[in-house]
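Here it is, the structure, as structure tokens.
Chains here go by letter, A, B, C, D, E and F, matching the order in which they are written, and residues are numbered from 1 within each.
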């Protein structure tokens, strides 16, 4: 059963975040492998694998929250990749980040947008 | 033109938040009417009125961010109403809030869920 | 195996938080029973059950973090009960909260202290 | 010397916050008198007593920060009283809070404004 | 009318933040030009252009809030430049940042002070 | 008496944070020496010098809070050094940080863990 959670989580992590997700896991493995294991099991095995909300909406929720919280740029970058990987358009990503100016203020939106800018450049996405 | 922003914002506020939105505006009118005016013009006239992201995704982004920020329960209640008003299912709302346990911790998710519980009770929604 | 995580978590929750913990779980059951289940499985089944850090230190860490975050008074109350339940003295609890004035500012420390005051009164603890 | 810090701080607290400040101190005295003592000595004895920034600017800085942080409404109320006590106009207070919509988002500004509304009502201030 | 908001905002941005402000706008233009436009129109065209609070007090409020929030160092740097541009003394800036140790804790004050240190060095300001 | 607070604080700072603490103080000395002085006097002279909570518990509280707050990596690094200096094991440090996934979310725990990784590498600590 645990095996199932881990396996289901690893597959979901790979589907959403791809190489960027694997890098996070590998980076943690040498300091606290159980944190890496829990990331796979709980967020990806338990949460992202749930039905009742499509994956695109889940990534919109995550990009929005990470932009608003404003103190986790590396995770925001991973999830902007994830949002694009599972079918969000670049425009949808920037709209979500822009909207955070309303709820978390302009600095959070600006800093989130500059993370998106870097991700888009890595992927060769031309905007706007 | 300003008239247009205000009018477009007021219509959008009414569409999304209905009476709960009007109450916020009226409550502010006696202390700082310009804050009420700016809420109508900028978030609703400028942001929610934009194309390129559907209204349902916008409300998912807002419910997610307000849950994660964790210090704005009244606004979260208004936007859970808003999410339901524009077509999110109760289940989609609770999925978004649940997901915030991953990004903002369990206390934020618990407190957000209890706001949803109250909104659902006001609307006579039976869960789960 | 899942059964084990849940059972281990439920026992740990009962040991630490007692009735206050059960109330949180029951309160969530009617809106999102899976959030209640995840609370039992992950924080209590996976984290608090770990060795390598004694339970008293874990509660000190939690009281400290919740005081510093400053937006989760209900959870802070539950964990001040928990800290006292598993052997922290009232003085140790107030010292942790006091120390947060340094890291999160005086408002966070004051608000945390007033939560402790209420918990102490419920338990008939006389301070200082 | 300590006596001097405490005395200087108590006088400054009384000048700025008056009865609202004394209430905070008294409320803490029964749970952690040293927190009350440190509030008098450090913020008021060490910081507010400094030259190089006038008291009005100090209260503007505090009202602004507490509005933006968004999780310390009781302290915001005390310092809105303080700002008015030392010569800020009601309009200056609401302008500072309004401006926080830009930096911390509209929910923070709305919640701060509603704290101001309550303080103004207590003092019989008619706005706008 | 929109033209007026934009023009008024651009002039105010130029007055306060000068080149640092223009850099922010230009940096955003290639990813989301509308965010750049909204920054000019709302914060600068609508808020900083208001009467009833002098510009120096507005910059004190902003430096204070950004220091306390602690997750927007680039914006803090821009507004320390802004505060100095419109007549705050270096000493007034450091006093505001120092005061945040009280409300947001010492780490926020230290990190804010190190941003000020860098800005002062860029401008050739000798302190203390 | 002030001399005593400063001297007591300086000794405590040296005991806990050693060279990393002195670097913070020296770095601030050229921009705001009074902030450096207050850090020595209040956190270290007044708080860390108190009895009723052992130093190891104090460092656990600080590492926990700084991880959860998520916007003060430099201070977290200093206090992970401090925790190790006064007798916490590397495993206890990583357990505290891991636990913050529950209260502040996975991004805060991941970012805190990567700060610990760097500190451990500086000290030649092999994990896990």
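Quick note on the criterion: a residue touches a chain if its C-beta (ideal position, glycine included) is under 8 Å from a C-beta of that chain, and two chains touch if they have at least 3 such contacts.
As the structure is a computational prediction, the values presented were derived from the model and not from experiment.
Peer 1: If we look at subunit A and subunit E, which chains touch each of them?
Peer 2: Where subunit A and subunit E share a partner, that partner set is B, C, D, F.
Peer 1: How big is the rotation relating subunit C to subunit E when the fit is done on Cα atoms? Please round to the nearest 5 degrees.
Peer 2: 180
Peer 1: If we define chain centres by averaging CA atoms, which chain lands farthest from subunit A? Would you check?
Peer 2: Chain D.
Peer 1: Which option, C-E, B-F or A-E, should count as the same interface as E-F once over half of the contact pairs match?
Peer 2: Equivalent chain pair to E-F in C-E, B-F or A-E: A-E.
Peer 1: Return the chain whose centre of C-alpha atoms lies at maximal distance from the corresponding centre of subunit E.
Peer 2: Farthest from subunit E by mean C-alpha position: C.
Peer 1: Interface check for copies subunit C and subunit D. Shared numbers divided by all numbers used: above half gives same, below half gives different; which is it?
Peer 2: Different, since most residue numbers here occur in only one copy.
Peer 1: How many angstrom between the C-alpha centroids of subunit E and subunit D?
Peer 2: 23
Peer 1: Centre to centre, by mean C-alpha position, how many angstrom separate subunit B and subunit C?
Peer 2: Roughly 30 Å separates the two chain centres.
Peer 1: Where in subunit C do residues touch two or more of the other chains?
Peer 2: 34, 38, 42-43, 50, 66, 68-72, 75, 98, 100-104, 106-108
Peer 1: Are the chains arranged, by touching, as a line, ring, star, complete graph, or other?
Peer 2: It is complete, because no pair of chains fails to touch.
Peer 1: Under the definition above, what is the set of subunit A residues touching subunit B in their complex?
Peer 2: 42-43, 47, 50, 52-53, 56-58, 60-69, 72, 75, 91-92, 95-96, 98-104
Peer 1: Which subunit A residues qualify as touching subunit D in the complex?
Peer 2: 68, 100-108
Peer 1: Could you please specify the touching residues of subunit D with respect to subunit F in the complex?
Peer 2: For this pair, the touching residues of subunit D are 1-2, 5, 34, 38, 42, 46, 50.
Peer 1: Help me check something: in the complex, which residues belonging to subunit A touch subunit F?
Peer 2: Interface residues on the subunit A side: 24, 27-28, 30-35, 38-39, 43, 66, 69-72, 74-75.
Peer 1: Which residues of subunit D touch subunit B in their complex?
Peer 2: 70-71, 94, 97-98, 101, 106-111, 113-114, 116-117, 120, 127-128
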